[in-house]
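Chain nomenclature is as follows: A, B and C, assigned in order of appearance, with residue numbering initiated at 1 for each chain independently.
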C-alpha cells in the first residue's frame, strides 16, 4: 500500500451522498488519490470498484450496468460487484487475476462511505455518527463543495469559529465570538472545542431562528473526529434559562455536519449539511437555510483556496498557531498520528518488535 | 540525437495533408517532439525546416515567404529551403554555421512525410504505401484528429476491432466481430490481423453499401506497418460467392487508411481517410461516409484520451494483454525494436563491435 | 535570501503605477517571485508588505484597510505599515516575531518602486531617472503589459530596434533602420546604443509629428540601466539643422520610458510610457499616441511570448548574437554581473577573503 503523508488510508471517507449513486449511471469519484467507480446492484447495495479496467485501464465509470454487473465500454469485459471479471468477449478462460479492486462500502445517514485502505481493517463501527441527517427529530439539507485545497485547511477553518467575525462579517459574524474564550478537550481521535457566550444580544440569524425577544446564551460546541469529520452543535437559548447546564428547552439548536474527504493532495470534497430541531415541517425554511449556508461556505471557499495557493508559493513558510488554534492543533496531531501508524511497516508489529520492547 | 523511449526517429511520419502546405502561409507542426515549419517553394516542392530561427529562436512559421526563401518575422533573417541563412539585415558576412535543420521530405498520396531522424537514412522507398488516397479506382476523403494520448493507444485501438461492438455500438458495432476468431501473422515490420465472418446478416452500414439483400461474408484485414501506419481492408460480399478465396466481385470494399504521428510524449496527430471502390462519382456518398466516420472516430477519441488520463494517474499499473490483443502486442514489439535499435550508440556498429562478435 | 539565476534582488523594481495604489483597495503584485500587497497610509505614503499573513498565510491583499493598518480577512490580525502585528482578536500578548516583511518603497515619477532584496542596501538614489513622466515640458501617457516571458527578452527587443522593420512593418518600421550602423557604449550599469539616420525621407509617423516637409535627420538613442530600465530618446529634425550636434530646435522628440519588472521566472510586468515635447496640451494626440503605441507593443508581445515558448521547448539550443545584438549583449552582461554579486556569500567579503587576496 502506498504511503501518503497527507491523509490516512485506513479510515472511512464519504465518497458521495446516497442519492448520487444509482442503478443507471456510474459515478466517478476520487478518494485519497484512488479513482473509484460507484454504482448500485439491483438490490440497491452500493458498490465501489477501482475506476480502471483490469485490461487496458479505461475508467469503468465510462461503462454501463447490466443487472448486477458492470460492462467496460472499451472491450466489453464484465465485472461483478466484488471486482472479479466474469466475462471477456472472445476469451474462453478468464484468469483468476483478472479483477479490479473493490473497496469496502458502508452506507448510512445519507452518505456512501468507502475505505481506501486495508479492507481487513474496515470496521463499520468506525463510521462517524451523522444520524441527524435522517433523524425524524431533525430537519434540513446540505450539499457538496469540491475545493482546490488540502482538506486540513477546511478542518482548521471549522475548528476555530472566530473566523466568522471576519470572513462572514455580513451574516453570522459577531464580535462576541472572538471575545469568549473557548475550552478545548481531546482524546486520541476526537477534539472538542466549547464556547459559551452568556447573556448577549442575539445576532440577526439566531434572533430569527429563536423568534423571541431578549438576551440569549449562545453556544458553539465543535466536535472533531479523526481524520476529517466535524459536527457543530450550535444554538441559542433565552439567557439564564439553563442551557449551559443542559436544559435547552428555551432555545433553538442546529447541527452542522461536515465531513471533508481528501480527493488528491491539494483537493478535497466537502460534504456539509445543516439540521435543525424546530419548525421541522417548514420546507421553505430548509431551503432558506441551505441557501444561506451555501453562500457562507462560498466565502470560506475563497479563503481556503487562496490560502492553499499562498502555501504552494511560500514553500519556505509554515502555518503558525495561536491560542485560537488549539482545536486545530489537536485535530492535526491526531491526523498525523493516524498517518504515522500507517507508515510503520506491518512486519515490525510482529515478534521482533515485541522482543525489542522487552529489552527496554 | 536525443533518444526517446516512445517513438523511433528514423522513420517517415505524416506531418500534414498536401493541401495544408502552401506557398503563402507557413504551417507549424510538431512531429516526434520536433517543431517543424512546413511550406512550399515556387516550384511546389514541400520544405520542412526546424521551426526556430537560428538567431533568437522565434518560430520561423511566424515569418513570411519571399520567392523560394523564408524571412524571419523578428529580425528579417532569410533562410533558403536547405535551412541555410542567406541574408541578415545589417550583417555583411554570414557565418556558415548560421542555418537551421532541414528535415527530409517526401510527398505522395496526399501526405507530406517528414523524417525527424538521421537524414542519411531517409530512404523514400520506406514511405508506407497509401496509394488508395489518389488511385482513380477508389474514391473518398479523410481528416485529422489531434489527440491527447500516446500514439500507441490509437494503434491498440485499430489492431483489435472487437472494440467496435462496445465503443461504436450504435453504428458499426456487431456481435459477430467478437465471435469470429482472427488470425494474426507478422514479420519484422508488419503485422496482419485477419478476421472473416462467414454467412452473417449484414450490419446496417454494410447492408446500405452493398445495396443487395441476403447474407454476407464479411472481412476485416488489418495491416500494421511499423511504426504507426495501419491499412484496414474491410468489406462484405454476398455469402458464398468466393470472397474469402479472392473473388470479391460480388461485394463492396473499403480501405481505411490510418497513420498516427507522435507529436509529443502523450499527444499525436491521427490522419485517417476512408476510400471505397464503388459509386466512385457519388460525391454525396463521399461526404456522408467522411462525416459518419468522423463521428465514429470522435467516439474513439473519448476512449483513448480517457485511457491516457487513467494511465497517467495509475503509474503503478500496466496494460494487460488478452488473446484479442495479439495484433497490438506484435505491433508494439516491432515499435520497441525500432526504438531499441536507435538507442545503440552508432560507433558500436563499427569494427570494434564486429571484433567482439568474432570472439564469441 | 534565496538566490535566483534570473534577476538580481538588490534593485528597485517598478511594482505599480502610483494611481494603481490607493487607500481603499489593496493591490496584489508579484515582483521577483515575491508576493507583495501594496496600499497607502492615510497620509498617502505607499506601503509594500509581504502578501501572506504571518498566522495562516492568507494573502493580506484580501484584507481591508483600517486607518493606517491592514486587517487580515481570515482571523482579523492587524498589521501596521512596518509589517508588525499590532492586534490579534482574543490574544492578549502578541509575540514580537509576529510580523510580515515590509519592502522598501520609493515613489516617484508616477511609479511605485519596491526593493525585494536586502533592505539595508535600498538606496533611493538608485531609482532610475524617469522624470519625463511628470515633467511639465513633456506630455504623454503609458500602460502596463503582463507578459508570459522572461523580462530579458523584452530588453533584447528594445536594445535592437532593427526589429521594427520586420515586427512593426506596417507602422514604424523603416528600411533605413537596418541600414544605419549604430554605435554602442557601456559602463558597469548602463549601455547606450546610438543610431543616426541622416538626410532620409521621414517615415509616416515622424512626418506627421514634425508637420513640415523635407528630408530629416533621425535618431534613436537607447539607454539601458541595469537591471531592467530602458529610456529611448527618439526623434527627427529637418535634415542638416544640427540635431546630431545638439541643436534639436528644428525637430520633434519622444521619450519612450520602459521598465520591465520580473514577476516570476518566465513572466514579467512591462511598464511603458510615451512622452513628447511638442503640442503639449493636445490631449487628443496623447490618446492617439498611447493607443498607437499599445498596438505596436501588442505586436511585440506576440513575438516575445512565442520566443519564450520556443526557448522552453528547445532546451538544448541557445540564443545567438549578431552585431545588431551588441546592446543586448552588454545589457545582459551587466544583469549577469549583478546576479553574480548576489550569489557571493556575504561573509566572504570579510577579513578572510582579504587575507586570501594578500597571499596572491
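Note that a contact is a pair of C-beta atoms (placed from the backbone, for glycine too) under 8 Å apart; a residue touches a chain by one contact, two chains touch by 3 or more.
Note that the coordinates shown come from a computational prediction; the quantities given were computed from them, not determined experimentally.
Q: Quick one: superpose subunit A on subunit C by CA and send over the rotation angle as a multiple of 5°.
A: Fitting subunit A to subunit C on C-alpha positions yields an angle of 120 degrees.
Q: When subunit B meets its copy subunit C, do both sides use mostly the same residue numbers (more than half shared) or mostly different ones?
A: Both copies touch with mostly different residues.
Q: Could you tell me the distance, in whole angstrom, between the mean C-alpha positions of subunit B and subunit C?
A: 48
Q: Indicate the residues of subunit C shared as contacts by at least two other chains.
A: none
Q: Given the complex with subunit A, which residues does subunit B contribute to the contact?
A: Of all residues in subunit B, those touching subunit A are 156, 160, 162-163, 165-167, 178-179, 181, 302-303, 306-307, 310-311, 313-314, 316-317, 319-320, 322-324.
Q: Sort out for me which residues of subunit B touch subunit C in the complex.
A: Subunit B reaches subunit C through residues 2, 35, 51-52, 54-59, 62, 71-76, 88-91, 98.
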